[in-house]
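Chain IDs A, B, C and D follow the sequence of writing; residue 1 opens each chain.
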Amino acid sequence: MLVEFALYHAWLVPLLPALAFGVIVFLTRPWPKLSAIVAVGSMAVACFFATLAAYGVFTNHEFVEKPLVYATRWFSLGLPGMPEVQIDVGVQLDPTSAMMLFMVSFIATFIFLYSIGYMEGDPGFSVFFSYLSLFGASMLLLVISSNLLQMFVAWGLVGLCSYLLIGFYSHKISAREAAKKAFVTCRVADFGLLLGLLALQIVFGTLNLTELSEKIAHFEEYTTFGMLTLIAVLVFIGPIGKSGQFPLHVWLPDAMEGPTPVSALIHAATMVVAGVYLVGRTLFLFHEVPSAMQLVAVTGGFTALFAATIAITQREIKRILAYSTVSQLGYMMLALGVGSLTASMFHLWTHAFFKALMFLGAGSVLHALHHKADVWEMGGLYKKMPITTWTFVIGGLAIAGIPPFAGFWSKDEILVATLSEGHYVLFAVGAFTAFLTAFYMWRMIFLAFFGEEKPENHPHESPWTMTVPLVVLAVGALGAGWVGTPWHNVWAEWIFFGHPHHGPVNYGAMLLSIVLAAAGIYLAYMLYLKDAKKKRARRLAEWFGPVYRMLYNKYYIDELYLWFNHALVDGTARLMYLFDIYVVDGIVNGIGGFAKLSGDGLRVFQSGRLQNYALIFFLGVLAVAVLMAFTGPSAASLVLGGVK
Amino acid sequence: MEFPILLTILLAPVAAALILAFVPKEEHMLIKCVAAVGTFVSLALSLFAYFTYDKTVGGLQFVFGHNVTWIKDLGVTFFLAADGISLPMLLLTNLIGFSAVFASWNVNNRPREFFILLMLLITGVMGTFIAHDLFIFLLFYEVVVIPIYILVIIWGSSKRVTKEYAGMKLTIYLLIGSAFLLVGVIALFVKTTALAGTPDMSFTGLAQAAAQLSRFDQIWLFALMLFGFGSLVSMWPFHSWSPDGYAGAPTAVSMIHAGVLKKIGGYGLVKIAVYMLPVGASFWAPYMAVLGVCGVAYAALGALAQKDLKYIVGYSSVSHMGYVILAVACLDVIGLNGAVANMFAHGVMAALFFSMIGFIYEKTHTRWIPDLGGLARQTPRLAAGFMLAALASLGLPGLVSFIPEFTIFISSFHNYGGLAVIGIAGIIITALYVLRAGANTLFGPPRPEYDHLQDIRGPEMVPLVVLGTVLVVGGLLPSLLFDVINSSVVPLHAAISDALQIGGKF
Amino acid sequence: METSIYTVVAFYGLALTILGAATLVVFARNIVHSVLFLALTFIAMAGLFLTLDADFIAAVQVLVYAGAVCIMVVFGIMLIQRADMKATNLFNRQLFTGGGVVALVVALCAVFAGRTAWAEMVAAEAVPEGTVQFIGALLMSKYVIPFEVAALLLLVALIGAIVLARDEEVKADAGD
Amino acid sequence: MLAISLTHYVVLSALLFSIGLFGVLTKRNAVAVLICIELMLNAVNINLVAFSKYVTPTDFIGQIFSIFVITVAAAEVGVGLAIIIAIYRNRLSVNLDDFDWLKW
């Protein structure tokens, strides 16, 4: 009964946090505690409904083939009977969206809870929770959208929340600039996505997901140019920005300027995977276009490796995690690119748990160390912060891909999918990235939590509101992958594209990934913990000087963009402005000046002297007289205007 | 005879102005209250009209005075009527007019004259939107120009250009535009009268007679009207009055000017030029599209180079009007819908933007971005309003301007392909300059010299509340806006396409 | 029409006097001399009117112009010019342009004069003797209204002249 | 040959008028300009009286007209001199070159 209600009222899930946003902004803002209760409470209720809805979906196999869709008209143009454009808003529930609905609301609930402790005493406490609630609402709306435009709206709103939350410490110039960068970068990507949506609307006349998937399946290309290819590429530009794929990943590391719960929720677990989710939702489109699939896979694989190499050299704890997020998102894209929705969504699911966990852990550390972010300045935290440390270690094991932690199963699934589709190069890239991931993650863990204690630090364990979410997420990081083991893959039975995929268990790949992960951890152990005194790491960095510097400076991509932005865009702008004031306005003022000049010219006759006027008057009389004398009176009367 | 609602809406501010003339000039509070009541009556009635408009029937409603002959020999009647295109504009005028009164709450330099002129200005603008007679339309348009000039040169402010220059430029530009328009209108009237036999100045009458005009006539008449309405709507390259004019004008005038006055151009383009001269419109459409796109890209880049807040919004409004031109150039149902809706959306957003900038200027005495910063800490409500307007300006989904822009994009992408892409790319630049302005004004380290500033409160909140509500509600429920517009755009488009088929094009 | 030799001589003599005196009016450098030559012009003009059988006009000319106007101008000059009377009546900067325009006027008049068939206009009758009674009767009957208007005009001019020429201070006291 | 016809008077009148005009246009002294206007009016009078004699000898139109002209001329001189005196009192000058008040 209740399940039924939740299934058919799934729009309540985003609506509740949206209401919380309104309530906090207009009513409870002066009372921080109350605001927090409203936000967490509404999210918890939303999570409850989401769980029920997800339960309803995952107990009924009909929804796999035929998603539950209910929608209403948002607006339409043209004749009421046969509109030229009709956009619906509605809910589309299928296993993928139900999974996301549950995951987002679940993680959001705990991160909201965590924020109560983390944001304690901040002057913008209520505002923070209002933003968080708005974000929750938008993200949940995005997840259940049945229409691409509706999704785009939610997509824009999560971008807005991301902007507001990154720039939450708005008095810091770095935060302000990071927020702006995030928004503008995503805006560039949204431009592509918007074009893609427009093309879809124009070609297929609808943006409803279900209708589109049917129409595209029966779409035959008549042109050689390939409308579908174009559309697919355009649509993919959106996820490139939102999910931090190369080359639009630059905003994501900077986004760590926001409070840590924000990084955990938005920039690790939920919003950044929206791009992956979108590609997953529109996989019917990409599936028709092999070259677009290729693009997705290559972009994903490259991003995974690229970000991992940068992460090796970074020093700030959240920055390392950010590059790791970029890298993991690359994995998800890679999985989509090779056509495996199963593997991609699986990784998305497990990643949400362990990455949120690690960010919250990092937040706990920062909270304890008063926002000292450099891992080299930490060390030995495990003694004072046991819960944080051990949950963080679980996260580290999960992301490195050590069985039976969650990350192992999903990463293995991706690698196997890549291999089985015959992408050997991408497989190699993925495998190497797995090694790098294990290495840089454990580098960070060894440096921050183990090793020698630094006397100037006075860490302490965080309050229960912060540790409870850590423990819950650690359980998730441990067990979330068990639903998709190769031996009994429940996950693949529910979430797939086309038909469920059941390959044989690939022990070779599994073994390889375990070995690589272990090797990475061991290497990190050797370099940073066991022989830390020998300063091998420093010497290594010196040997590879230019490479190290290039990695440390993130391949100078930020500088390139900065140059592009300042020199080209601003330069053109200034040029245009000068053009405007000197040429366009010059012409306008020139016309005005011409009028003034001719006035000045005629002023000579307006001397103000009586006799001068008399002279001119007589000249006029003479002219009329001459006219009459030499042309006759009729012509003169014509000139004089009908004087008879 | 039913209640003459349009006439009442039109005359409420006039009545307020008349009462104001008898209020002692020292009674500042009373003066402002009278102005507020006058505009509120109009606002309430126009809301009522908007929501009682029968969308299923469409067409002209609330007809008044179609049989009140005014000038018999010219066929002029005092014909007031509203349809789905004029109602949003009327509502917009009143929303902004009402907010503008409160945005000028702190005007203490000769407030009585200020508010009388403001009331006349609002009346003139409303008149243009509900007139269904071309002569009356032009008459109300001329009523608008004079108060604007006086308001700018007395209550304006001099920055890069002096307020006298700004006021002069604004007025002369508008008058030149209207002079060309007048020539076009007279030529149209003379030609249609010759064709139809009896003089008729009503829109419908002119349109019916104009259908028989030759293709050549339609083309040059449309060119005149395009120039006239184009310079009014700040179509590139006839836009340069707009940034200077707004920068020089007092807040309320900037609000009304950017919010609604500019829209008279777009409205006239749709409801007069395109409606009466469809063949000419289809000839000029590609050129219009090019000018529209030029305007979008050019003005967006221009805004990027600005450091004065009002100049940014001034250029931004030129850029947004580029979208309107582009949409009108599409000449289809989606584009025309988008054009009208975008005018509404931009009006609300620009008015909110200008009112917030007005408050910033009033409090800090500067609009120069490098001198500002960190205001979000000292004046959070002001910052919220500013950001709301900024986000609407960059077309954030969920706010009122997104769906209109989206419909414009559909239609222009469909009709003009690559050209439209350049226009759509404008959203990136828009985001860049809007966010830059917002960030540098509101965020960053707070400045100690602004610590004493008071946040907006009381009457000053009205523009934020009224316009902000419209921004959000219009964004969440676009059908509120589009159903009304659509009910009149569909028949208008049907008339156009009929004419085009007879004209042998298409 | 035949004219007596005396009339011819009188005409040419008077015409030369008029033109000569008028030229001297314009070219004299002393304004008082100009006025004296003006008086001479007026008197010669009165003679010319006699040759035109307009004795009444001739009388009026002598009375009004040579008498009243000249005296009035002299008084005016006396009120204005206080210093040396030499070089009080010079040309301004547009001497040559003015001369050019005048030359054009003369030329044009010549053209018109040459073109017009004067002889056709001339009526056969002669002017009756004693014009005064005729003019008097006409002024009191047919032209009575213009006559009265002229009287009114003179009255207005009289008052106007007094008001204008009054002293500033007196005006300030009496007026505002 | 010796006959004095209408043409003679007309030519005389034209010449006198031209002299007067020349004076009006070129004299610097306001009084002189006034005098020259009198010359022009007199030239007109010659014309009027001459036409009265030769064209309408019995109607006296021209003569009566010239009486009115003389009346107006007298009034004009009176008012004109008054104006000149008033100006002189204000500006201590009757030099027309000093005055360019006819423009704003």
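Here is the rule we use: contacts are C-beta pairs under 8 Å (C-beta built on N, C-alpha and C of every residue); 3 or more make two chains touch, one makes a residue touch a chain.
Bear in mind that the values here come from a model prediction, so they are computed numbers and not experimental data.
Here C-D and A-D were compared by C-beta pairs in contact; the pair with more is C-D. The central chain of the assembly on a C-alpha centroid basis is B. Put simply, the C-alpha centre of chain B and that of chain C have 70 angstrom between them.
One finds 64 Å separating the Cα centroids of chain B and chain D.
Centre-to-centre separation of chain C and chain D, using mean CA positions: 6 Å. Once the centre of each chain is set as its mean CA position, chain A and chain D turn out to be 95 Å apart.
Among the residues of chain D, those touching two or more other chains are numbered 21, 25-26, 96-97.
Each of residues 92, 94, 97-98, 101, 105 in chain C touches at least two other chains. If you check each pair of chains against the touch rule, the ones that pass are A-B, A-C, A-D, C-D. On the side of chain D, the complex with chain C involves touching residues 2-12, 14-23, 25-29, 31-32, 34-36, 38-39, 42, 45-46, 49-50, 52-58, 60, 63-64, 66-68, 70-79, 81-86, 88-90, 94, 96-97.
By the touch criterion given at the top, residues 1-3, 5, 7-8, 11, 15, 18-19, 22-23, 25-26, 31, 34-35, 38, 41-42, 45, 48-49, 51-54, 56-57, 60-61, 64-65, 68-69, 72-73, 75-77, 79-81, 88-95, 97-99, 101-102, 105-106, 109-110, 113, 118-119, 121-123, 125-128, 131, 134-135, 138-139, 143, 146, 150, 153-154, 156-158, 160-165, 167-168 of chain C touch chain D in their complex.
Looking at the complex, you find that chain A touches chain C at residues 611-612, 615, 618-619, 622, 625-626, 629. Those residues of chain D lying in contact with chain A across their complex are 21, 24-26, 33, 96-97, 99-103.
Interface residues of chain B facing chain A in the complex, by the touch rule stated above, are 56, 169, 172-173, 237, 239-241, 244, 298, 301-306, 332-334, 337, 374, 376-377, 391, 394, 396-398, 402-403, 406-407, 409-410, 413-414, 421, 424-425, 427-429, 431-432, 435-436, 439, 442-446, 478-479, 482-483, 486, 489-490.
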